[in-house]
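In what follows, chain A forms one complex with chain B and a second complex with chain C.
Presenting the complex of A and B:
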């Protein structure tokens, strides 16, 4: 099972590549099909933002562990213009690109947790996680995964 | 024994051409024959390689600095261009093509070492450096040409895929259908819109079915593209029925907050066809019922 993937987003077709990688990883982790579809869609939204607003960036996917669950962690990072007002960007219907204005808030709803770290002029780093099913007691997450604090 | 100061690289290559060509082919052919048994045309290869040695001899008559690059219009550049792009089409890998010039470099250096040059050692070093600069920059060039040719092939392939993948089907009088398959990016979306509008105008369609069964994921950008397509179709007076949204896709769209509620949607293409026919006042009946 791949536990790490790195997809540079420079062109539009890279978005599909990141989305495919996310879907595969989520399904491998044992997420339900709908949940895996959520993760893939969220990654697609974040990657689209990198392409449209930041002039490119990176998507990193990794398997992470917390107590007795495994999850998928998505990091979208760019050195673009940054987000001036994060709260505004997370509100529905706000768009700077003539889009639908629900990509970022939508991604937040599709994932279990999402943090946005942005500085105007420096870039943006978005970290989002989706947790998989609870593992049986005898199958503790092993040390090969990065363990995330509660 | 020759004094290294009197040694002329250009003359050396010219006078030893047959011998050099022989060892070059001997180093190259076994591997190429093993990997590409179908496509090695020895006569052509020998002719091209002889021309390349000729070109190289002429090049080496002058002094080469470290930043030297083969001029774009030089015969040797054109020769390598032909050779490389022909090999790409035959399925040679980058390493196989680089191997061609790497072998030449080995052969040249080996031949120089066997000349037993005496005298000024630094002059001998210069000779080796010149051979190295020339063959290395030719290798870089051949690699660049290889990548360029590959990129062109890939671009052509994706263009042909784009053409393949957007049929607009006339389903019945005044009913057209587009089955969308694959990734909907900006280029595809634009093309779908164009084709759909053309067909609506051509067939005077009043209903258009857009089937998204084959779209791997419905995110906001796909939804945005679809909405623009639908708005354009409606402007031509066609009503749009959307079909094939999967249960996963429906749940995701709701979570995203994308609203398709103003457009009639049906879960399956079958239901969509029934709806579309109804909109033009038609119905599918079984033959028995009709009798």
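Presenting the complex of A and C:
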């Protein structure tokens, strides 16, 4: 089972690659089909943002653990222009590219957690997580996963 | 990757089967619209049975393509949306797809035929009458 994937988003077809990698990892992790598609769609939105607004960036996917749950962590990082008003970027219908304006808020709703760290002129780092099923008591997450504190 | 656009009488049938890049999606949109106008198609069936992930860009393109096709004079149905896609689209925000939808292609085609018959401008109808009178 892949526990880490790094997809540089430089060309448009990399978005589809990131989407596929996320779908595979989420399904392998034991997320329900619908939730795996949520993750894949959110990754698609984030990767599209990297390509459209930041001139490229990186998508990192990794399996993480918190107490007795495994989850998938998505990090979208770029050295683009940054987001001047994060709250505004997260509001529905706000768009700078003639889109629907639901990419970022949509991704936030599809994932369990999302944090945006952005500095104008420096870049943006978005971290999002989706948690999978609770593991049985006798199956502690193995130490190979990065453990995330609450 | 070029998506085939099949002609079934006065209806155009397209099925998106592969992961498309945004550029390919735009190319698809423009070739669908050109074909509609070229053959004066009365209907467009957009089969998305094979699509498991529809992001907001793809959803917008489907929406836009449908409105553009309607402006040209064609009826549009989207067929076979995966339940996960419906869940994701609604979860992401508003119902992104504001077009007519059917469970499968079969129903899509009969809905199109019904609507074309209602409009009363079917090309086939004229041809049929022509054949009978001659």
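Assume the second predicted complex is superposed on the first by the 150 of 150 C-alpha atoms of A that agree within 3 Å, B and C clash if a C-alpha of one lies under 4 Å from a C-alpha of the other, contacts with A are read in each partner's own complex, and residues count from 1 in each chain.
Everything that follows uses one rule, which is that contacts are C-beta pairs under 8 Å (C-beta built on N, C-alpha and C of every residue); 3 or more make two chains touch, one makes a residue touch a chain.
Nothing here was measured: the structure is a model prediction, and the numbers come from that model.
Mind checking the superposed model to see whether chain B and chain C fit together on chain A or clash?
Here chain B and chain C cannot both sit on chain A without a clash.
Taking the superposition as given, does A:134 touch the first partner, chain B, the second, chain C, both, or neither?
It touches nothing on chain B or chain C.
Quick check on the superposed pair: does A:16 touch chain B, chain C, both, or neither? Answer first, second, both or neither.
A:16 contacts both chain B and chain C.
With both complexes overlaid on chain A, does A:120 touch chain B (first), chain C (second), both or neither?
The answer is neither, since A:120 touches no partner chain.
Could you look at A:41 and tell me whether it touches chain B, chain C, both or neither (first, second, both, neither)?
Both: A:41 reaches chain B and chain C.
Can you give me the overlap between the chain B contact set and the chain C contact set on chain A?
Shared contact residues on chain A (touching chain B in one complex, chain C in the other): 12-13, 15-16, 19-20, 23, 33-34, 37-38, 40-41, 44-45, 48, 92, 99-100, 102-103, 105-106, 109-110.
Give the list of chain A residues in touch with chain B in this complex.
Answer in residue numbers: 12-13, 15-16, 19-20, 23, 33-34, 37-38, 40-41, 44-45, 48, 92, 99-100, 102-103, 105-106, 109-110.
Applying the document's contact rule, which stretches of chain A touch chain C when the two form their complex?
12-13, 15-16, 19-20, 23, 33-34, 37-38, 40-41, 44-45, 48, 92, 99-100, 102-103, 105-107, 109-110
Which residues of chain B touch chain A in the complex?
183, 185-187, 216-221, 223-224, 227, 247-249, 251-252, 255-258
What does chain C use to touch chain A in their complex?
Touching chain A: residues 19-23, 52-57, 59-60, 83-85, 87-88, 91-94, 96 of chain C.
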